[in-house]
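In the two complexes that follow, chain A is the common piece, with chain B as its partner first and chain C second.
Let's look at the complex of A and B:
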C-alpha cells in the first residue's frame, strides 16, 4: 500500500485509506477516484528558488524528473537547495537520496512548489554517518488543488545531529512524513513543524521516531494555526525500544483554531519499553486568547493586525529554533506572509 | 473632553452600570472611587469597547464623537488609553515590537506617517529612562515573567509612548510598593496637560496622594452617587463606602 506503487500501476486500490490507522485523517483512497496520467515534463522556466542565495548547490526535481543523489564527504559542509516542483494535473513520483559521511555537515533547504491539480509523491532517504550533522528546513507551498505526499526515512548514527523544521500551508491533501531510526549513542534529534492553513487546505505532519539504543535525545515542537475550513493533522509517535535506556524525549504540539469550521486532529503517542527514560509530551488545541486580542486592540491594532501579531508570535517560538540565521529570517518572513491580512 | 450620560451596561445579561453620568473636561484629572463590585472596571471596559460589555442605554462621547460606535482600535487611535489592572502577558512578542506595532497602527489610522526605527528607539530609551525601566527589558516578551510592579511600569511606558489624550488608569496602584508608586505617579503626572484628561479608578485613597485629582466621584451600585473635591477621597478613607452603598 503506497502512493508510489499506486502511481506506477495507476491502481487506486493501492492507495492508503482511512482503514489504515496511520492514514485515517489523510485518506487518499476516498479522495482519488482515478489516478491521473503520468505528468508530462515540466514546461517553462521555474525561476529562482527562495533558498538559492543560501545554497552552494541547487538540485531540482520537476514533475518527478531529475537526479537527486547527494553525498557529502567526511568532514565537509554542503549547503543544498532541493526544489521539488509539481506542475499540471498528472501524477509523478520522485526519489531523493542523501548520504553524509562521518563528520560531514549539510544545510538542506527543501521546497515544495506546486501549480495545478497534480498527485505527487516524494521519497527521501537520509543517512548520517557518525558525528554528521544535518539541518533540514522544509517550506511546503503546494497548490490548493495538489495532492502531495513526502516521506523521509532518516537513519542516524551515534553522535550525529539531525534538526528539522517543516513549514507548510497545506494542499488539497498533503502529508509530510518523517521516520527516524535513532540509535541513541548521544545522537540528537530535533523535529519541528509549523502548519498555517486557510480555506480548505489540508496538511498532515506525521513523525515516527524509534529509539533503539541508550543515550538518545529527541526534541519535538509543532505548532499550527488553522482557519476557514482547513484541517491540520499532527501524528507524532516516539517509540523507545527495550534497552534504550537514558532516552530523553520531549514532544509538544499546540494549535490555534481561528474559525468554527476549521479542524485539528492530533495523535501524540509515546510507546516506551525501556525502564530508565525521561519522556514528556504536551498537546493543546484552542482559540486565540481573547484577552490578549483586546489588549492589543486597546493599544491601537486593528483586529487583523492584532491577530497576525499574536499568531506570528505563537509560531515564532518554533521558528526561533532554526540554527541557520539567514534561513531563519527567510522562514519567518514566509510565515508572516501567510498570517498577515 | 469625555461626556457620559445615563449609561447602562450589562455583562452576561446582568446590569452593572445603571444610569451613570460623568463629565471630565480637558485638562482635568478625575478620580473614581467605590467599593468592590460597584462597576469601576466595567466602566473602563465599556469606554474602551471590550467584547461582552453590552451597552443597553445612554451615551459616551469624546469631544462630541460617539465613542460607543467605534471599534476598540479606533478609540485608541482617537486617543483613549486604558492602563489595565492586570496587564496581559504576550509571549513571543518583544515589548518594543508590540509598542511600535501599536504606535504605527494608531498613526496610520490618523493618516500620519509611521515612525522611523531610529526615532522610535530614541523615544523608547528616553521614556524608559524616565520610568527607571532597564532598556534590555523592552527586548523581552511583553510582561512575560515581569513582576506586578514591572507590568504597571510597562503600562505607563506604553502610555508615555502612545501619548493618548484621554487616559483611564484602572487600579494602577495595586501591586506597587511605595517606590514604584512614586515612579509610576511621576510618569502619569508628566502626562498631565491642558489637552489631556484622566480618569483614575482606585479603591484606595493612597494613589491620590501622588496623582492629585481635580474632582472625586463615588461609584456605587452602577451610578455616580456623590462628587466633590479632593477632600472627598479623605472622607471616604476615614468613613468607608458604607453609606454610599446604602444610598445606591
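Let's look at the complex of A and C:
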C-alpha cells in the first residue's frame, strides 16, 4: 500500500483507498483506474523558480529525474531552492534526502510546479543534527489535473529547530504529508499550513508528530479557505509516547467555507501515553464573519474587496509566522493573488 | 461541601466494586453456543410472532457474513462467540401478576443494588420526592416493570420489549430497526439476531411523561451475554426522561454485553437519556474478567424542532465501545451529548458521539470529559458532520482529558466534516494532568491526597454531572470517587 511501489509496479491495488483510515478523505484507488505509463524526461526549459533569487543553490527534480542529496556541514548555513516539476500525463516518483550536521542551518524553499494530468509522488527525508535548524517553506502549485503526493519524514535531534509553512492551492488530488520524529530534549517544532482552494481542487495537509522524549515543544497552525466545489482536508496527529513528559503541544486548524458546495474535513488527533503534558487542539469551520463583512462594507468597500481583505487577514496570521523576511513577503503576495477572484 | 463529605464516607466504607455479588437462583439457559436454532429457541421462549423470528433469522444470516470491527483503540483476545450462553432467565413461575410473585431472591438483589421495585417503597419516601418507574432486566428477561398503571392513565406505554412485541406489534414493527438498521454494524447485527429483552417506551403526542422512567440491567448468570434492545418513541410534542443503570458480578471470565438503543423524536418532542454504566471492570491488577460493553445507541430526530440529549457516566466495563449518536434530520432539531468516561486499572474505553446534521438550522453540543488512571486507556472518538442541506448547522464540541498516573493513556480522535458554507463548527480539546498547584492548595487545607483528587475530579466533570437527573447526580458523583480509588499514591 505504498504509492511508490504502486507507481513502480503500475498496480492500482496498492493505492490507498477510503478503507484506509488515514486516507478516507483522499481516496486514490477510487480516483485512479489505471496507473499511467512512466513519465518521459522533462521537455523544454522550466524557466526560473520564484525562490531562485533567495537561494544560493537551486536543486531541480523534473518528472522524477535528478539528484537531490543536500548536505549542510556543521555550523554552516545554506539557502536552497528545491523545485519539483511535473509535466505531462505520466507517473513518476522522486526522492530527496537532506541532512544537517550539528549546528547547521538551512532555509529550504520548496516548490511544486506542474502541468498536465500526472501522478507524482515525492519522498523527502530530512535529518537534523543536534542544535541544527531548518525553515522549510513549501509553495505547492500543482496543476488542476494533477495527482501529487508529497511525503516528508523529518527526524529531529535534541535542541534542533524545525519550522515549516506549507501553502497550497491543491490539485485533482493532492496530499502534503509531514511526519516528524520528535526526541524532545528542547527541540522545537512548528508545522504551519495554508490551503487556498477553488473550483474542484482538493488538498490534504496531513501531519504526524511523535514525541518520544521529555521537554518537547510543538506548535501547529493551519488555516484554509475553500470556495466553489473544492475540498480541504486537515489531519493532524500528535502522539506523546510513554515517558515523554513535559511535552507542550498545541494544534489549531481553522477553515472558511465560502460557497455552499465546498467541503472541509478535519481530524485533529491527540494520542497521549504520558501524564505530565499540556496538549490542546482547537478547530473551527465556518463562513466569513458577517459582522466583519458588514463593518468593511459600510466603510465603502466593495464586497469582493472586503472578502479578499478579510480572507487575507485570516491566512495572514499563518504567513506572519515565517521567519525569513523576503520569503514571507513573497509568500504573502502568492497567497493574495490566489485570494482575489 | 456535603456531597464531598458523603463521597469520602462512601469511599471509606466500600469494597472496590460493591455490586460484584452473585444471586443464586434457578435459571433457564439456552444451550451454549450460537446458531440458527438458538435464535429460534430465544424467539420461541418469548412467544414471538412469526415476523419477529424472520427478522431475527435474517439478522443472523447477515451477521455470519460480517467481520468484527477492529478500528477502535482497544485490545482484547478474540471473542469466541460459541462459548457463551445467549439466553439466561430466572425460572418463571407461571403468570406473574404482582410483585409478590417475583422470586424474592431477585427482589433482594435489586434491594441490595438500591433499586426500588416496590411502588409503595418508592412512595414511602418524603412527600413530594421525585418518583421514577423502573423496568428491571435480569440477564435476558425483564422481571418487573413498575408504575405501569399510573403511566397508562396518561397514555404512556412503558413495558419490556417482549411484551411490546406481543401487545403493541404495530408500534414495534413501525419503528424497530429504523434507527439502527439490522446490519448497521457487527454488534448491532448480533443483537438483532439474539436480543432477549429490553425496554419499550411510547409517549403519545403532547404528553409530558409524569415521572422519570428507568431500566436497570443486571447480568447475573455465568458465561452469559446480555443483549437487550431499547426503543423509545416520543410522539409530537412529547417529553420523556429516561435513566439506565447497569451492574454485574465479579467474575474471572469476560462477559459480552451488546445492546442496541433506538430513540425517535417526532416534531417538537424531546428525549433525555441518561446512563450510569457500572459494569464490572475486571480485576484492576491483572485485568482478568470484566464486561465487554459493545453498545450501539442512536437517536433519530425525525421531527422539526425535536431534541435528544444523551448524558452518560461510564465508569465500569473492561472494554467500552460506545458512540451514542444523533441523526439531526428535522429542521431546527438539536442534539446534546454530555459524557464522563473514567477508566482505571486495566480498563479500556473508546467512546464518543456522532452528530449528523442533515436538516437546516440543526444544532448540537458535545461536552466530553475523559479521566484515565492506573494502566487504563481512554479514547474520545467523535464525528460531527454537516450535509449540503444542513444550512445554518451549528456545533460546539469540548473534550477534555485528565491523566492521573504515568502508565495511563488518553486519546482524542474527532472527525469533522463540513459540506456546506453555512455550517459553523467549533471544537476544542485539552489533555492535562491534575494541576500540582490545585492539589497543593486543597491539601494544605487539610484534605488527604485521595480526597483532594476526588474533589478536583468532581470539579473537572461538574459540567456533565449538572446534566444528570438529581437522584442520579449524587450516585454518579460517588461513582466517580469509587472508580478512582487506589489511583493515587
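Here, the second predicted complex is superposed on the first by the 341 of 341 C-alpha atoms of A that agree within 3 Å, B and C clash if a C-alpha of one lies under 4 Å from a C-alpha of the other, contacts with A are read in each partner's own complex, and residues count from 1 in each chain.
To be clear about the criterion, a contact is a pair of C-beta atoms (placed from the backbone, for glycine too) under 8 Å apart; a residue touches a chain by one contact, two chains touch by 3 or more.
Since this is a predicted model, take the numbers as computed values, not measurements.
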item	value
Superposed partners chain B and chain C on chain A - clash or fit	fit
Which of chain B and chain C A:290 touches, first, second, both or neither	first
Partner chain(s) touched by A:258 [first = chain B, second = chain C, both, neither]	second
Superposition-derived comparison: chain B or chain C, residues of chain A touched	C
Three-chain overlay, vertex chain A: chain B-chain C angle, C-alpha, nearest 10 degrees	80
Touched partner set for A:268, first chain B, second chain C, both or neither	second
Partner chain in contact with A:33 - chain B first, chain C second, else both or neither	neither
Partner chain(s) touched by A:298 [first = chain B, second = chain C, both, neither]	first
Lowest inter-chain C-alpha distance for chain C and chain B in the superposed arrangement, angstrom	15
Overlapping contact positions on chain A, where the chain C interface meets the chain B interface	none
Chain A residues touching chain B - in the complex, by the definition given at the top	289-292, 294-303, 305-306, 309-310, 312-314, 316-317
Residue ranges of chain B touching chain A (in the complex, touch as defined)	48-51, 71-73, 75-77, 81-82, 84, 87-93, 97-99, 101-103, 105-106, 109, 141, 158, 162
Chain C-touching residues of chain A, taken from the complex the two chains share	21, 242-243, 255, 257-287
Contact footprint of chain A on chain C as seen in their complex	71, 388, 391, 401, 403-433
